[in-house]
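Shared between the two complexes below is chain A, which has chain B as its partner in the first and chain C in the second.
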Partner chain A sequence: MHNIHRNPNVMWREEVDALAEAQAGLECGDDIGDIGTAVLFSGGAMLSINVLGAEIWKLCDGRGIEEIVAELLEQFDVEEELLRSDVQAFLDDLTKKGFITYAE
Partner chain B sequence: MQNEIVLEAPLTINWAINNSCNFACRHCYSRNDTHDELPRDVLFACLEKVAKAGVLSVNFGGGEPLLHPHLLEIASFASGLGLRVSMNSNGWLVDEQMAVTLKKAGFTKVGISIDSHLPAVHDGFRGVAGSHARAAAALGHLASAGILTSISTVICRINNDAIEELVTFALEHRAGQLNFHNFKCSGLGLANKDELDLSPEEWKIFYRGALSAKQREKVIDISLDDPIIALLGARDTASMVKGSVCGKLSLNIKSNGDITPCGFIPVVIGNIARDDLRQVWRDSDVLDRMRNKKPTGKCSGCSKYEECLGGCTARALALTGDMNSPDPHCWGSDGKPL
Partner chain C sequence: MELASPITIYWDLPPDPQDTDLLQRISADISTCRPLMLQLYSNAVQPKGGLLFVLKQLRNSPIAISITIPVTNLRNLPDGLFNEAGVRELLLYTDSLADLTEKIDFGKTAALQTSLGISFSATRANWRQLPEVVSFCRNNGIRRLVLPMQRLYSNEPPFFINRQEQQELAAALAETGAVESLNLTIHDPFLWRAFNPTVPFPQAGCQAANTMIAIAPDGGVYPCPSLPVRLGSINENSLNEIISSPLKKKFRRSLLEPPGECRECSEIAVCRGGCRGRGLSLQGTLDGLDVACK
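Up next, the complex of A and B:
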């Protein structure tokens, strides 16, 4: 029960302008956590997520949480335990909304 | 990791690809709409434009979309562009073979309009004998073909006290979702308003019952799209949009390509064949006003205004001429929601 998959019924897209703004901020060392760069949409429920959330979402392709965390550590300059905690909380929320599933 | 976001394009398009219809529904919003239709090649180019703009899904309607001679080809093309394709139909033409064909054409979901669990009531309302039986059969054919189904019921005087019966009907026919739509007062809905619409107090009673059913039912998703249910503290917490979704998540395209905020607001803000969709979405004054409504009248001071934003914009506009007016269905008074 460790492999995480996006629910194929969830539609999603990255917002080009917002993503460019976030990437520019990231390069300048700004806090970009408040910039929504992607939107997930399913059955009337919508979720807007920031760059980190979007990267986690994209990595929900059958990997486990440790693989996701390892991949993100290469992309983001963040303390590992804090990242793992944030990723777990985000995945829990996605699970609750039915946006991801766990499989063997 | 959850944030507010300004969408750069609609998530979904409701697309009335034709206005021809084999029914004569008493609340039809499009009976008097243009019958001009985009030529096939123009329509395909418009679908490409919509997909390129970032739209995720298109929901075909009309009219009865199955009367469009190229519906299957259009759906297949749209699906091939990566768009999630769905449709609202009266179900008359959906037999077993058609359901399989729709699945092959890329339809992932089909909504069937059913106004009552009682065949005689539905048939009388839709003006076609036998329409209830064929709509009910369509639900079964679609489910068997592997297409998600929903039932669309416009709440009005013929069905407002039949919540439990409608839920039972939906469960019996394996519908995945039961949509209780508010009555919009557009087209024939406006002409027949006095006969069909409910009073604000009756709306309150209906929504209390519908919300109770929604909380109770675990098998079927009961969907309520009316912003004024915020008065009952019941807006979907998963929704990030306050008030109407029209012009915030979705747009409507008419058979001639005209773009309107929703199918019930007859204000043209562009044309998909001529204009850039993202530009219309970003720059339309009408959409700007819908996204930034101002409380007027009894909405001023109402503790629920930030949630419901004055309720359904289409209804306010149709009945008062001002989209900022309080939704005429609202039962609140003197700034008090209940």
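Up next, the complex of A and C:
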């Protein structure tokens, strides 16, 4: 079991206006995947992440990927295998950027 | 990504602030804007009036604070100064290698109990000393080195080195040894390339008035310390009002495209259009080419 942790050197913030726009879009059934609702910042590099990315990021508090997926399934109406694949791809990207670490 | 409010606020404190009400109001304004980082610069010989007052105002804020003071003022800081506030690091500012080697009291820095770094202002006169600065940091266990933004809003003459000099610097740095062990902050994409020939510049183009905003000692608000376009004054409007103003938004839009001369350039992905403030200062127009690329 690998626990996933946010790199404490990464600073982050949810973007209030963008989050409100995304929530309004969700209620209308719009595709909100392109709306950046949070920013991660480290070493001069900024990463903008959407609603799903922000929820995954917030769950990187020592949980494993299965726990993250289970938590997200309660929040998003999405097929489990597709969600697991998206979460894994996102975590791989964060790992490559040094934004998260895995611990036994 | 275009942000509604900045991630980083630069605030150069007045040298001898008398109006603590104003400092209090600016501190509250900054908290309201929810930046991730506050870069405080204080050149006051005694920090009691301004710096300490501001730190007290921001004591319960989640903002990561980086403090820069002239290395010569280090002796005046009370021990344990930063314990209570959210101070992430203390940067000692100088443009003199001799200051670094002669004036840093490492006993004093240990007593301050905060992470220490060097803020070395590169100039025409000293840029060839940069490899020695890197060596100094490495030899003294200092892992943080910042080449600070020029304060072009205060008419500081723009500094740059040309392409040939950049190559000279890159070769000298390579000879000195790797810089990978250092946590570097370099805002100039051309200096960045000299330090990190194989690492792309991390910023996606000029971030003035987007991820950053700057407050001058007189309360003037600028898109960036290196971009001498006044967006307003904290004496007349709140920081939030200035940040959300049509003037600021219009100005930010004018930076989204690189200068015309850059658009067909094959190196645009590397330099991202260079420093727009330097282009403006030396060419007189925001569409001016950053001469450091030549």
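The rule is simple: the second predicted complex is superposed on the first by the 103 of 104 C-alpha atoms of A that agree within 3 Å, B and C clash if a C-alpha of one lies under 4 Å from a C-alpha of the other, contacts with A are read in each partner's own complex, and residues count from 1 in each chain.
What we mean here is this: a contact is a pair of C-beta atoms (placed from the backbone, for glycine too) under 8 Å apart; a residue touches a chain by one contact, two chains touch by 3 or more.
Treat the numbers as computed from the prediction; the structure is a model and nothing was measured.
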Fit or clash between chain C and chain B when superposed on chain A: clash
Partner chain(s) touched by A:Ser48 [first = chain B, second = chain C, both, neither]: both
Chain B versus chain C as contact partner of A:His5, first or second or both or neither: neither
Chain B versus chain C, judged by how many residues of chain A each one touches: B
Contacts of A:Gly36 with chain B and chain C, given as first, second, both or neither: both
First (chain B), second (chain C), both or neither touched by A:Val16: both
Which of chain B and chain C A:Phe90 touches, first, second, both or neither: first
Overlap of chain C and chain B interfaces on chain A (superposed complexes): 11-13, 15-18, 36, 39, 41, 43-46, 48
Footprint of chain C on chain A - complex, ascending: 11-13, 15-18, 36, 39, 41, 43-46, 48
Contacting residues of chain A [partner chain B, same complex]: 11-13, 15-18, 33-37, 39, 41, 43-50, 52-53, 56, 86, 90, 93, 97
Chain C - residues contacting chain A, complex: 1, 3-4, 7, 34, 36-37, 64, 183, 185, 202-204, 211
Chain B to chain A touching residues, read off their complex: 1-8, 11-12, 54, 56-57, 84, 177, 221, 223, 236, 238-241, 249
